[in-house]
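Presented sequentially are two complexes of chain A, the first with chain B as partner and the second with chain C.
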Partner chain A sequence: MAQNAEHVLDHFELFRGPEYQQMLDNKKKMYENPRDPAEVERIREWAKTPEYREKNFAREALTVNPAKACQPLGAVFASVGFEGTLPFVHGSQGCVAYYRSHLSRHFKEPSSCVSSSMTEDAAVFGGLNNMIDGLANSYNMYKPRMIAVSTTCMAEVIGDDLNAFIKTSKEKGSVPAEFDVPFAHTPAFVGSHVTGYDNALKGILEHFWDGKAGTTPKLERTPNEKINFIGGFDGYTVGNLREIKRIFELMGIQYTILADNSDVLDTPTDGEFRMYDGGTTLEDAANAVHAKATISMQQWCTEKTLPFISDHGHEVVAFNYPVGVSATDEFLMALSRISGKDIPDKLARERGRLIDAMADSNAHIHGKKFAIYGDPDLCYGLAAFLLELGAEPIHVLSTNGNKAWEAKLRALFAGSSFGQNCHAYPGRDLWHMRSLLFTEPVDFLIGNTYGKYLERDTGTPLIRIGFPIFDRHHHHRYPVWGYQGSMNILVKILDAIFEDIDKKTNVAGKTDYSFDIIR
Partner chain B sequence: MSSLSAAIQDVFNEPGCAKNANKSEAERKKGCTKQLQPGSAAGGCAFDGAKIALQPFTDVAHLVHGPIACEGNSWDNRGAASSGASIWRTGFTTDMNETDIVFGGEKRLYHAIREIVEKYNPTAIFVYQTCVPAMIGDDINAVCKAASQKFGKPVIPINSPGFVGPKSLGSKLAGEALLEHVIGTEEPDHTTPYDINLIGEYNLSGELWQVKPLFDELGIRILSCISGDGKYREVASSHRARAAMMVCSKAMINVARKMEERYGIPFFEGSFYGIQDSSDSLREIARLLVERGAPEDLIERTEAVIAREEARVWAAIEPYKPRFSGKRALLITGGVKSWSVVAALQEAGLELIGTSVKKSTKEDKERIKERMGQDAHMIEDMKPREMYKMLKDAKADIMLSGGKSQFVALKAAMPWLDINQERYHAYMGYVGMVKLVEEIDKALFNPMWEQLRRSAPWDDTANNRQLKAIAQTDALAAEIAADPALADTTRRAKKICFCKEVNLGTIEDAIRSHGLTSIEAVRRHTDAVGGCCKRRIEDILVAMPVSSPPAMLQAAE
Partner chain C sequence: MSLVTTGSVAEIKARNKQLIEEVLKVYPEKTAKRRAKHLNVHEDGKSDCGVKSNLKSIPGVMTIRGCAYAGSKGVVWGPIKDMIHISHGPVGCGQYSWGSRRNYYIGTTGIDTFVTLQFTSDFQEKDIVFGGDKKLAKVIDEIQELFPLNNGITIQSECPIGLIGDDIEAVSRVKSKEYGGKTFVPVRCEGFRGVSQSLGHHIANDAVRDWVFDKITPESKSKFESTPYDVAIIGDYNIGGDAWSSRILLEEMGLRVIAQWSGDGSLAELEATPKAKLNVLHCYRSMNYISRHMEEKFGIPWCEYNFFGPSKIAESLRKIAGYFDDRIKEGAERVIAKYQPLVDAVIAKYRPRLEGKTVMLFVGGLRPRHVIGAYEDLGMEVAGTGYEFGHNDDYQRTAQHYVKDGTLIYDDVTGYEFERFVEKMQPDLVGSGIKEKYVFQKMGVPFRQMHSWDYSGPYHGYDGFAIFARDMDMAINSPIWKKTKAPWKDVANPKLLAAE
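Now for the complex of A and B:
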């Protein structure tokens, strides 16, 4: 036996042992209806051809390897950004387990979130009882300051009315009448996690600003000098929000970060379990209505929230995940314009350093071809930065991108001589990306952890930027916004370029004449 | 006199080096090139010079005898490419400690050599002396000799500790070590009438390999390359070559000249940077070989290859012409490369508006004038601020330079391309020129320079650093222009001799009052060394009217 108690082998070593290999071979031969290896090889090669790509892109019903997640995930992500808030997903508990594991695997943090655990009965008779019991239990067990309700498909399909259910629950004493229970309908069959983020955030603001479901008077706006900030669904929320706070403080701007989940998704290990940590206070959430302006870093994460805010009488500005010099310039200029504050020298220096770094390394990035996939705003921000660096974002694919997104990217490409061969692919999946990478190869792929299969199949080196990143740790702690954050993106890209050069020159005695110390 | 100081004196007497040949006996004793100025930024030391000159020998173990400083900061720091052995890249050092310094490091060195022989068994071992063991009196020559005998393997002392002088001296001392201990110690398996040596070629980024196929095609054999992709045996038997080419630099001129003297191998100084230079070099090699007895048809065959390659490279550059039209470039680099790439860049359609002549000879300058016209900016030692202004005023689109000038270029917000040694791309030979043009194209059209040129959107003019710096320089220039006396003071304050800090005014006064006509005379009447400033003094002598002492002075006498 390869395995023994004296020296326990891990799985990647163990199953390479002869007896396991034999076992697996036998199973394949006897039970797995093996195909002719030559035929398998032929199909494999065929799947790399333009002919196959055409068939692949003609796909109508089937999505293969989607690069998006569902609405409630985004709702949970937004909800935990409020002080003492417990996300409560009305629907089946299995879904909720997914959101928790998804967030935990990315942020390496516990993720607290409950469901109303609807079962077959509830599906038939409606989920009111689950809501009543669920709110009561979670209120008593987890002592939240607020419970933010969202929904899974199950509740949406049967048409549960959250407003009425919550009202009834309060009447039945599940939670005190004055206890905050904002809600949002977040069916997975509409949109994606970015939509869920949007809906949940809007639901929470609506709750505080518009009279808490008819139980209090609507807030009257008395303008102040504050600026509200919305990050959107963002895998780098921990590092990014901290960076943004630093920038606001450097500029001397009073601000409210809405849905500030940077603490709860990064709690210290010091002997205390923090189910809730940090977050936007409920008071601040309510007072946000008085602000001078609201800035959203992700247009497609706030498509409904921003018009809602705008209707309440203050200016809204949206960006598309600003990364790089120009995009950060625009962001800071907007802050400066709205607040009337100057850009401090410290930020000007950071800008100079980023440009310096770009100048030092430009020759290596210049003309390199990239494929990018991910959330719509992230794709846009990265593509813009690559163009700024003289690289070509040849394929930009977003499963949850729409026609408007495509048009916006087209305009971006048209504005740069490096964008002439670039295309945006809205609504496509990673199996489409596979065909793109085979038929129009690029130098590097930018995407989340799932990109590693594409990297393996197509040999295109993967640069992990996006959500989720499961197989690399702690990248979410570093910002990718601001000049310093852009620097982190630049370094990630450069690292990949240099690792690729090393990989191509590391065969001893064959290619290592270029395996150099200085690059 | 120790063997080290004898070697240094010998190098200073090098007749092949025009600079040294023009020095007085006393100055030659003082040293080669620029005296190092305490307190000012300086380049590498003699050890570094020796190490980088020899490190590209690939099958040699390079053992640095000294504390960790010397090898710790320098091992494998050069992208010379090897076609075979890789031991040259392994960092060997004796890593001397306090005890060694108290009791002497010779034993440790001997053991280190033994361990290299036992564990790696390389073809040869080069032992580099450094400051500390030299100061405590470790005799590496004796240790190497003993080790050589004991292990039956060449163990070569490279006696060039850092304190003896600058990098260029170290390169020459390394050459001396080769001449003394290596060259001529072995015989080649066979010889051909087409055997050549390349001296001072380091095969950076594999550049040599871009040219070698042409040699192969012509049947010309590189018997030995010193030292790029070099093998110990090759250099040991390099004395059987029929001709030699000294590539690009004068760093190893002593090797080329002494090999001519000792073994009758004629050499020429050539370069493979630029199309014309590549062709000239191939022609010269063919001519020398035929002179030494190779069949006459070599010349014809060479011409055919040249014609083909030139046609090819011009064709490859052609498509860039429209893209480069109207683009202006500044070339800031030392010596030969300045003018040798000029033709290619001009052919590609770039307008060259200036080049550096800091390390260029008089002939180089003539060539530059020939190719770029009389009005070409020739940039000599320039203060960063002046350079900055010049870059800014010249409105160049790109600056091609070695690493050092990049910072000024960047601060002047100008695209910049590295064409000196620590670069990633190989620009040698015909192919290399195409690569260079390609890289220039990329650099010119990289969108990030836009960010560099554009100031931050929140910057108003009053607060712009670049504009401020320029305004300052401009104000100074205006002040000078308005005040002839100040203008003259400023002009006369220009440093001519950097070593002894002698300014233009002092030299002019001396020339005028004593009617001087030669460098030697200027030297006698001023503190000017006349070494690195020789050419500048020459220029002053030419510019000043040949005058007898002024009448007044004559009257006084």
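Now for the complex of A and C:
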């Protein structure tokens, strides 16, 4: 018996003991009807070949290990960014349990959201009663300032009409007539979580700007000097939005962050559970129509929202997750142009420090090959930064990227001498990436937690940047936008590079002549 | 300091009843009426806990429950390691349940083992409009080409499948024939079916019956020779290695474990189970159906057991041994004696640190009752408990064998209720899931996830008990909980019932 009270063995030690190893060997041999080990080995090797890659890329129907989630997740993420807002997802309840778990596992925070708990009878008769009861219960129990409704695929397939249902619910007294219940249809079989973010945000703005579903007059735009800011679906929203506010304040710009979930996803432990915290006030959400411009940090998170805003008469500017020197330059210059404010010296010094760091460490990154996967904008931003560093983003893969995204990446690659061997892969998944890593190896992989399976199988070291990150803690609290945020990305990459060199040189008496104390 | 156990039993009961009354005030009348049936204070001697269960969750209340798909793919089928489980429908369900349940297994992932891969048909709008059967057929062909060592394929239906009228059974039959009688299992576990995960368990059990047991051929019959000591572990999902730290005890007492359902399980083990002399059932809720079926069809008795904490482990080992001859009975005693020094050392170390501490639980499956003994072995007391998706037979077992007089019972608790209960009762520990974890930690209440073992485990068996005790101690006695209030701020008067 290996277990002992003084030094309690965890699962990663306990089962390596001889009694467990023997037990597991016996289980396999006697009862599992295992495959011939030589055959397993043969297939394992075959799955690394160009031939396998070709079959793998010929897939038309099967998806294996996708790097995307479904629309309502993005809708919930956006909705909690408004003051006192309870996301309400109309449809099956299991979905909501999943979104809440998913967000909590990444942010290590509570995630509050309700479901209309539709079951078989609602599948037959529609979910109107679920909406009527659900809104009344949520309103009474959780005292929200606003309930933001979205849908699961069940409600979409049976064709429930949110606008009509909410209207009826109000007539039945579920919530007061003037209570804000914006909505968005967010079918899981269209787009991904970034689409859901877009739809939900547009739904909320439409509600406030266009007369609250026909119950109030549409807002007349009276232009002011404010700039609206949209972060998009972002695993680093906590750190990033705080950094963005700092930048706006340094520049003296009046701003409104739309869907500001940086507080509700980072509440203190002080004895009080805050179901709601911070967020864009409903007043600010409404008044955002008067702004001078709206800036989106993620084009593919705001494909519908930006044209909607632009139709209301003010300028919109979209970026693709700007990180690094030039992208941050462009972002700040856009801010400066729109606001008429100068970029303060403080930010210029931060820029200088980023350049300083890049110059200091250049030798370790230059020429290194990377694979990147993630949401479309994040991939673009990271690829652009790597090119600035003289690295090569050889494989850039986005399961929820489309043809337009691919074209944009191609243009990026074409514009850099380091981009000549780089390719973009829209609509592909992590099983495709596995083939890419075997047949065209790179030095490092950048992606979310699920990349650890690729790291295990291909030996490509994983640098965790993206969403979700379940197995490392608290990185979402640090920004990756702005010059300071870019510095954080640079350090993450450098740490991985240095650890890799150390790991490859630490065998005593064999490789440790290179186990240098200074790098 | 916990308020849970201050006062006499009568006072505790009165206080808990008052707490229920207070909580119900927040609801609209109709909802209050419905929720009142799910909340109760346990009375000693009653045959159940006096709550309604396995009823629809109420819209908008923030139920903690999941769905039938979660019960089938996430719980029952997902851990079968040599089969590929297709999340059939849109991408989300498979994505959110990908790898998060910690069903440990041995195998070469992606080659002959597939538990931590996410296979999905990733439905698009056209699949909804035109139906998904053709796509499913193609998905299967592509799996066969790229993952040739899979031993079978299950189709885990997501909501749209049942709504758009797809015939996944027909596709399965055709493909099984095409691939030489290969095992295909269509599972009708659409998320809108039933009221929780529970129906998904049942549907998944029935799918084993109809698409595995009923299709066993002479070729697929297992090759090993039977012995009088063959048992199958049913309803252990090997979370953090639970089934392994259980199996070792059964084998040490002289039994042969011929199958694990379903943690670290394989198709061959499912198919061999009808040869068992006894099915030992841990999670009654999720696998009683197939156990009853095997009893009726193959005459295999089944026996519930509980491998949490030394008292229940010893009781269970003796109970299981009771189905066998003296050799096994002696084996059980030998195992109990072998581990006694470990048990003594664990209790000597941790009990003084945990004595008198109180716990409130809200979990699924068997845990709202099964872990109570393990806490009691450490001198702790469970002051409140409830089931996410239990049925009345769960509450009967709870009432008859586990909870104390006056325990607060809450079925399908809502977020609001659970927060208020914990706020007022101030237990020393809450054991529930990821959605609850951070809520209670923000409130300054120590917490352990009791679904995933908070990424620790195993908790089953004697080896697991040491880890369980260590984990509860580190949660409750972490120095961090003393620091949640800034020293310069007045200590707020806790809103305690007793003080009101």
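Definition applied: the second predicted complex is superposed on the first by the 511 of 519 C-alpha atoms of A that agree within 3 Å, B and C clash if a C-alpha of one lies under 4 Å from a C-alpha of the other, contacts with A are read in each partner's own complex, and residues count from 1 in each chain.
Following the convention adopted for this analysis, contacts are C-beta pairs under 8 Å (C-beta built on N, C-alpha and C of every residue); 3 or more make two chains touch, one makes a residue touch a chain.
Just so it is clear, the structure is predicted and the values come from calculations on it, not from any experiment.
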| item | value |
| --- | --- |
| A:Ile247 touches, of chain B and chain C: first, second, both or neither? | neither |
| Which of chain B and chain C A:Met118 touches, first, second, both or neither | second |
| First, second, both or neither for A:Asp457, with chain B first and chain C second | second |
| Comparison of chain B and chain C by chain A residues contacted | C |
| First, second, both or neither for A:Ala327, with chain B first and chain C second | neither |
| Partner chain in contact with A:Phe418 - chain B first, chain C second, else both or neither | first |
| Chain B versus chain C as contact partner of A:Phe15, first or second or both or neither | second |
| Complex contacts: residues of chain C adjacent to chain A | 26-28, 30-31, 56-70, 82, 89-93, 95-100, 104, 106, 108-112, 116-125, 127-128, 135-136, 138-139, 142-143, 145-146, 148-149, 151, 158-160, 162-164, 191-195, 197, 222-224, 240-241, 244-245, 247-248, 251, 257-260, 264, 266-269, 272, 338-339, 342, 345-346, 348-350, 414-416, 419, 433-435, 437-444, 456-458, 462-463, 466-467, 469-470, 484-486, 492 |
| Chain A to chain B touching residues, read off their complex | 325-326, 329, 332-333, 336, 342-343, 348, 351, 355-356, 358-359, 362-364, 366-367, 387-390, 416-418, 508-509, 512-514, 516-519 |
| Chain C partner contacts - residues on chain A that touch it in the complex | 1-6, 8-11, 14-15, 19-20, 23-24, 27-28, 30-35, 39-40, 43-44, 47, 52, 55-56, 59-66, 68-70, 72-73, 88, 91-95, 97-102, 104-105, 108-120, 122-123, 130-131, 133-142, 152-154, 157-158, 187-190, 192, 267-274, 431, 434, 450, 453, 457, 470 |
| Chain B residues touching chain A - in the complex, by the definition given at the top | 76-79, 81-84, 86, 205-206, 410, 416-418, 422, 424, 439, 442-443, 445-449, 451-452, 456-459 |
